[in-house]
Structures are given as C-alpha cells and as structure tokens.
C-alpha cells in the first residue's frame, strides 16, 4: 500500500515523468516486496516561485 | 481541529466539489463530535499526467 | 482514485476512527461517483504538542 | 533539515511570497538553531474553490 | 530538488528501509538527471489502524 | 487561512517547539497580513531512521 508524493520542479518532459514513476515503482517493489498495483504516486510540480532554499525563492537564486 | 487534504482527479464539476466538502465535513462531525467550523479541507486536483498506479501514469492507462 | 489524509488530535477511540473512515468514504463515493475500493484514507494523529493555533501549541491553550 | 509546506490562498504578490519565505526561514533558524541552507519551503497556493471551512468552499462564503 | 514523502505500513525492517531510500533515490536521479544530494525522502510509517481502503481500516480487513 | 506543516527531526525541547510555532506564526502574519487565529501549524517529528538525504538514512550518516 505504499503511497508516494513527489515534489519536483516544473520543466521535466512527459517522457521523464513516465520514466520516473516506472523506475520509482520498481524500486519500491524490489525493496518492500510490494505488488506494483498497490504503489500509487502523486506528482506535484512546483514553479521556481513556489520553492525556497535558505529563505530565497529558486527564481531569485543564481 | 481536523484538517483534511483530498487528492482527486481533475474534471469534477464545481457542484460535485461543493457537495464533496459539505458531505465529508458532516461525516467528520458526526464521527468525531467535532464542530463544523473546525473542519478545514484542502482540495488538490491532479491531472492524469500527475498520478501513477503500478508504475504507469493514468494518462497512459486504458 | 481519491486519496485523503486526515490530521486529527489523538484521543479518539478505535470505534470513532472506524466510523470516521466508513462515513467519509461513503461521502466521497456519493459526491464523486467514485468506487469505494478506490478511496484510500491515511489517518495522522497529532498530540496536543504537535498542533498550533495562533502561535500557541494546543497543550498551552486553555 | 526542516522542510515546510505552506498552503495559502492565491492572490499574494511575489513580494509578499519573497518576504514570507525569508522571514519564516529566519524564524525557523532562530528557534531550532538550524542552518538556513537546510530550510526548504514548498509554497502551495489554493484557489478559493479549493479550500473549505465548515463544509463550504471559500468561494461561497460571504 | 525532488522531495519525496513515502507512506508505508509499519513492520518493514531497517534493512528494507535502507534499501528503499537507496533504490528510490537512484531511480529519481536516473529519471530526472538530479544530483543525489538534492533528493530528500521522508518515510511515514502507518499502523494498520491508520490506513483505510474502501471505508475499512486495514486492521479490520481479512 | 495559511496552514503549515513542518517536518523536523526529533530531539528538540518543548521550549524550542513553543518558540518555533510562535515565531513562525508571527512571520506569516507580518508577511501576508494574516490574522494569527487563522494560522495553523502541524509539527511532524521524524526519527533519524525516517529521513534520507542522498539515498542514506540520517541514522547512517556520519
């Protein structure tokens, strides 16, 4: 029953996201002996104005 | 003080979402003896390219 | 495919939690025409030292 | 390693969001003796149709 | 900057969790061309009384 | 209506957590012109076995 939420920056291609969910699901199944059908992944894409490191939005970092 | 986050697929009508928050809030209040004013719900709508089951994005499932 | 996360204070009985997930699931299915088997709920219980309103932990509120 | 997620209503200016992540990061560092570089903040903006209090979407509240 | 949260049932060994974060991190890096140091994973373990499918807590399912 | 969730490592004192929610709430109110009563914070403490950077649990990092 693993449920994953992945926050990532916008800008990845659809191909990258397809590969991401496929490979992460396989990694979860190998590690936990889980059934693939039970692994659900929510992708949450963030703009650079929605993510901050050290008090500065990514859109303001060099 | 219950706080709920509900992830659902895009495509529901505004009427469905109004009914959803109304009925879920009532269910929480009945079950937990909570006051309605304390029940907060965050709706997070996902595109079919943002949700994966068994390693495949919903947009690629039949 | 609705996935819910419910943050609630510790101290509810198991019976209350059983009723909570049953009634919330029914409310989701009625509102969204979803299948019950697709509705997954994560309960996250918080101690009064883990929740703050207006800058004060609940354990310090009268 | 504090990781924060902040749900807020849409409509704040970019300047307000810059100030928000700066001041919240400083507050976290002062309180926890954390290094700024370790503080990550995810901003999640909600439309008024995505947030409910007492069973009513904000877009329907007076 | 990918940040992952993984909800899984309690009962996995420490070895399984070590393998999980290692293999999931590698899958994220391969798929997104991300640097390992940027991948952070929060594990959130749930008791069977904290997770519901189809309106029934896992502790009550056969 | 800002709702914050803060993931932090276990081991902080109650005094540190009291200061954290007080100062973060003040920072949110100053930045967003929000009312203190509307600011809710969920603290989620993680053990070192529940958090991974670069594919390694914190409990295994030097």
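Annotations
A, B, C, D, E and F are the chain letters, set down in written order, and residue numbers restart from 1 in every chain.
By definition in this document, a residue touches a chain if its C-beta (ideal position, glycine included) is under 8 Å from a C-beta of that chain, and two chains touch if they have at least 3 such contacts.
Here the structure is a predicted model, which is why all the values come from computation and not from measurement.
Interface matching across A-D, D-E or A-E places the copy of B-D, with more than half of contact pairs shared by residue number, at A-D. Of the two chain pairs considered here, A-D and A-C, the higher C-beta contact count falls to A-D.
Summarising the inter-chain layout, the chain whose CA centre lies farthest from the centre of chain E is D. Chain centres here are Cα averages; for chain C and chain D they lie 22 Å apart.
Between chain B and chain F the centroid-to-centroid distance comes to 25 Å (mean Cα coordinates, whole Å). Counting partner chains per residue, chain C shows two or more touched chains at residues 1, 3, 7, 24, 26, 40, 42, 44, 51, 53.
Chain contacts here follow an irregular pattern that is not a line, a ring, a star or a complete set. Of all residues in chain C, only 14, 17-18, 21-22, 24-26, 36-37, 39-45 touch chain E in the complex they form.
Across the complex, chain A is touched by residues 1, 3, 40, 42 of chain C.
Of all the residues in chain B, the ones that touch chain C in their complex are 1-9, 12, 16, 19-20, 23-24, 26-28, 30-32, 51, 53, 58. Listing the residues of chain E that touch chain C in their complex gives 7, 44, 46, 49-57, 60.
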